[in-house]
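Look for subunit A in each of the two complexes below; its partner is subunit B in the first and subunit C in the second.
For the complex of A and B:
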């Protein structure tokens, strides 16, 4: 399950993304740091508005132009600093090095073109034609995502396919240019459960075949357990806990992670009401002075309300490193 | 709610019958036949097909009624005050109806759609400026502009085209912009950006292609408006000048004699009616046809 210590493909350090509105500017992604290694799946988990999607968009530098901007930090793809590239250079990174899969397969494909056309569009941008031209490459991409009869499907229109099949096509477009990293922003939320399981298996198989790294943005712990190697839990723009999935599931160290895991329904153990986290996540413009989770935290004391906790290392190195942002962990 | 069940069950059946009558075999045969006979063939071939010239007068047979109303086969649809053949003049009129609507709509569509496309995609100050211009254009009565133009350059084919384009562009700009606004938020546009496509590619492949449907259908529906507009311009004497036999002029000239020689206005009016109706029916069919969801492998 766990990939061996392999090279770091993407390294994010102290990434700061600010949203500016009429009421002022607020940081939506606050000093976020993480590494993604080759062949690894990093899950980013958090509730709505925790900044997980903004993190994904920041990596590709696709923030809405006037509303949000990256103000600091570093995003390194191999040796390249992405934040220093200009727009044409960035365009070469997008699709070729980092691809994306979005939530809704209904709107992820252009209804006016055949799926083959749309796969070829991405190929033409980034790759030279192989033997048999782009069409053969498109058929090959469809075969890779386990679409049955790809020679026929390549000339089908999106509306002639089911949701799961379309999401496979979106996957085919994403992998067709052999990117190093795919950012998957809740790719299975609009699929039903059986199709969801098939899709997750497909992603894992693709990863084993190609050594692809995946950043999996989700709010579903069931999916995290199934596909992710490592996990980063986000709360109010910060990563509050990061570590290997199994370790976090067995021994959650941040109270927020603990509360999230406790509120996941379990088939065998659960009786009565599910525990829930009281209160609301803080508004971006009204963050608490100390720990951001303090107002909802059952363990919070005076220091938690007054001072923001630093990140404490909980042992382990490389892929096994586990750390969390909570005063209780102070040695 | 359950009261409406019988009616709503009946409605699709009626619609289906109507559809079958207008589109045997799935094609709009009736509208196409009417359009060909009333508009296209006369517009292209009237010098050879029309029994008389458009301005050929025969004062001996002034105000002859149509053939089944006491007239003769010499002038099937009757003659006007100067003995000009109504059938011939109506046939020649098709030429102006076709050229004015084709050129006027083309100019209006190209200008309006381009501006709407850029405004919706780029947003910002360009969008604001264009949309305020649209508001101004829609608030300004077309007739006022036509009067001003006629006063400046005299009534002519070109000034009619300018008025038509001026009236139409705003509708297209507004409609296209609205569609672009919703299209640009769709995931496939976002994914095209993620894939590294340029703005021009995205505009052409992902946005224009998907508003084309709307543009084409909207354009066919304007034919009726343009023919009516041309008729009203001619009626006011600021359209194409007499004695050019445009349909609008023919209707307006016959108006004074409506009680005694109804055929002067009736036949050109019928031509307008049939053309507008057929074009609209054809546009309906085109709208269904262009929907990508109707395509098969």
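For the complex of A and C:
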């Protein structure tokens, strides 16, 4: 199931995104680097304010103008440097090469148009009509996301559908232009558990059928355990650990990852009292000097509070590459 | 003090039917059976969790228990007193005996009130204590929930999400309630904060001997906090029993499917994937017979379509409403 050494489709290096407010500028995404391979699902896990959603929006350059901007780094889709493209060129990438699925289908669909119209809007922008015209392509997209009776549903309005069905429609829009990558930002948070399980299975099946790459942004380690191949853990704007999912669950190398994994209650292996992390994540405008996790870290020493740790490589190459940002890992 | 063996909360045949409005096209007289006959009890110092997906009736049930809504049928008794028959002084007594903590501490705390007044409100409303006495009680309960007493002068916006939830908990606790309804109490909090608050609930339960009625969609959270679990589907309890028993050996097909949909704690956790097709049917037009039969993977046949199974206890097992047993 793990895509072995398939080609890297998206390569992000030292991405820096800054938010500007009246109180000054803060870095929200701080030197973030990762690779996404064909057919791979990369999970980006973090708490609110960790920068995971800002990372997703930065990749598509969908940041709110004036309020946030990318100030450095590189985002390469194949051979194309996305940060060098102008706006019309970037529009050809969005939806066509990289599509996005957001958390709440209630707000990402327009209530005044049929779901068919909304799927066709994307198709008209990016693709030539097929044999049966755009309508047939929209029906096909709905069939792909396992919507029953797609010929009828294509003319339904969003309010006529349930939450799970609506999120499938959002998925249909995302895959309709056959993108290489889908960025899914908490796509199942508003769904019930049984519907969430159906949706995760659907994403996995679509990936097997098409070789799609998925960047899955979530706060839930359970989702990571079920659908992701590789994982990047974010804390206060930085990736603190990245590696293969199973390896990180077995041997978390950053104290934050370790503490977070231990604090999540397990359904099938109940232990005594839950270990918990003291304190709370730092505010963006008030990040600690040194390691950002140091004030909450049980292992922190004087150096952790004074000097920011670099990323240490823990071995492995390609899909098995594992690294973490912690002084204790210094060889 | 009441007998510790008599239940704190006793819910009998509780039902709430909402009449549908007479529309241009809809025939009159139809009702939505949001809750249609629930029975359960909670004893002192115990936690019962209601689990189920949206639309199963758990919110309607808790609203009736908090006396925010009137049942169509059945009764809710707290310490043996019928909650919906209370008037006057006895009703004020009920208000301090039953409290609630809600999901979102950003909307449950009035931003214009200081922490001291927010926390003290149940006391001030329901008893006649001097201001000094109230201050003392506020300081004590703030410390119990892990906040410094001198923060009482601050406003809610000065606190983080986890701290706000602590304030809400302090307010629920200050009147020494018998029962606290916890409605999704950790789902709005950050992952690293959740376990702090979950542990706090456990500690406070030991300290105050309070009972909890927990409503949560996260099954692992439920397992960690609850002694007993009631699984709901379309206004019915389909299975109820001790948490350990239900989580280790679920019997109702819906419970099995719900648990199998829960996310694993580890990539290697084995799971039997019972993926349900479709979604919960509308309570306006519920299926005949067993409400779960159209989605059931273990359906027996005609009996499931015709006859609604009753919640019946089997020997040594948790009661389950299914024709299989």
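Assume the second predicted complex is superposed on the first by the 327 of 331 C-alpha atoms of A that agree within 3 Å, B and C clash if a C-alpha of one lies under 4 Å from a C-alpha of the other, contacts with A are read in each partner's own complex, and residues count from 1 in each chain.
Throughout what follows, a contact is a pair of C-beta atoms (placed from the backbone, for glycine too) under 8 Å apart; a residue touches a chain by one contact, two chains touch by 3 or more.
Please read all numbers here as calculations on a predicted model, not as lab measurements.
Participant: Have a look at where A:162 lands relative to subunit B and subunit C in the superposition and call it first, second, both or neither.
Facilitator: second
Participant: Regarding the shared-chain residue A:60, is it in contact with subunit B (first), subunit C (second), both, or neither?
Facilitator: A:60: touches subunit B, not subunit C.
Participant: So, does A:112 touch the first partner subunit B, the second partner subunit C, both, or neither?
Facilitator: first
Participant: Kindly classify A:152 by the partners it touches after superposition: subunit B alone (first), subunit C alone (second), both, or neither?
Facilitator: first
Participant: Thinking of the overlay built on chain A, is A:122 touched by subunit B (first), by subunit C (second), by both, or by neither?
Facilitator: first
Participant: Thinking of the overlay built on chain A, is A:222 touched by subunit B (first), by subunit C (second), by both, or by neither?
Facilitator: second
Participant: Is A:48 touching anything from subunit B or subunit C once the two structures are fitted on A? First, second, both or neither.
Facilitator: In the superposed model, A:48 contacts subunit C only, not subunit B.
Participant: Classify the contacts of A:280 with the two partner chains as first (subunit B alone), second (subunit C alone), both, or neither.
Facilitator: After superposition on chain A, A:280 lies in contact with subunit C alone.
Participant: Starting from the residues of subunit A touching subunit B, keep only those that also touch subunit C in the other complex, and list them.
Facilitator: None.
Participant: Within the complex, which stretch of subunit A touches subunit C?
Facilitator: Per the stated touch rule, the residues are 47-48, 162, 164-165, 192-198, 201, 219-223, 225-226, 245-246, 249, 259-260, 263-270, 273-278, 280-281.
Participant: Given the complex with subunit A, which residues does subunit B contribute to the contact?
Facilitator: 186-188, 190-198, 201, 205-206, 209-210, 292-293, 295-297
Participant: With touch defined as at the start, can you tell me which subunit A residues reach subunit B in the complex?
Facilitator: Interface residues on subunit A, with respect to subunit B: 60, 62, 91-96, 98-100, 102-104, 107-113, 118, 121-122, 125-126, 152, 155-157, 159-160, 170, 173, 177.
Participant: Could you pull out which subunit C residues touch subunit A in their complex?
Facilitator: Listed in rising order, the residues are 53-54, 160, 162, 190-196, 198-199, 202, 217, 219-221, 223-224, 247, 257-269, 273, 275-277, 279-280.
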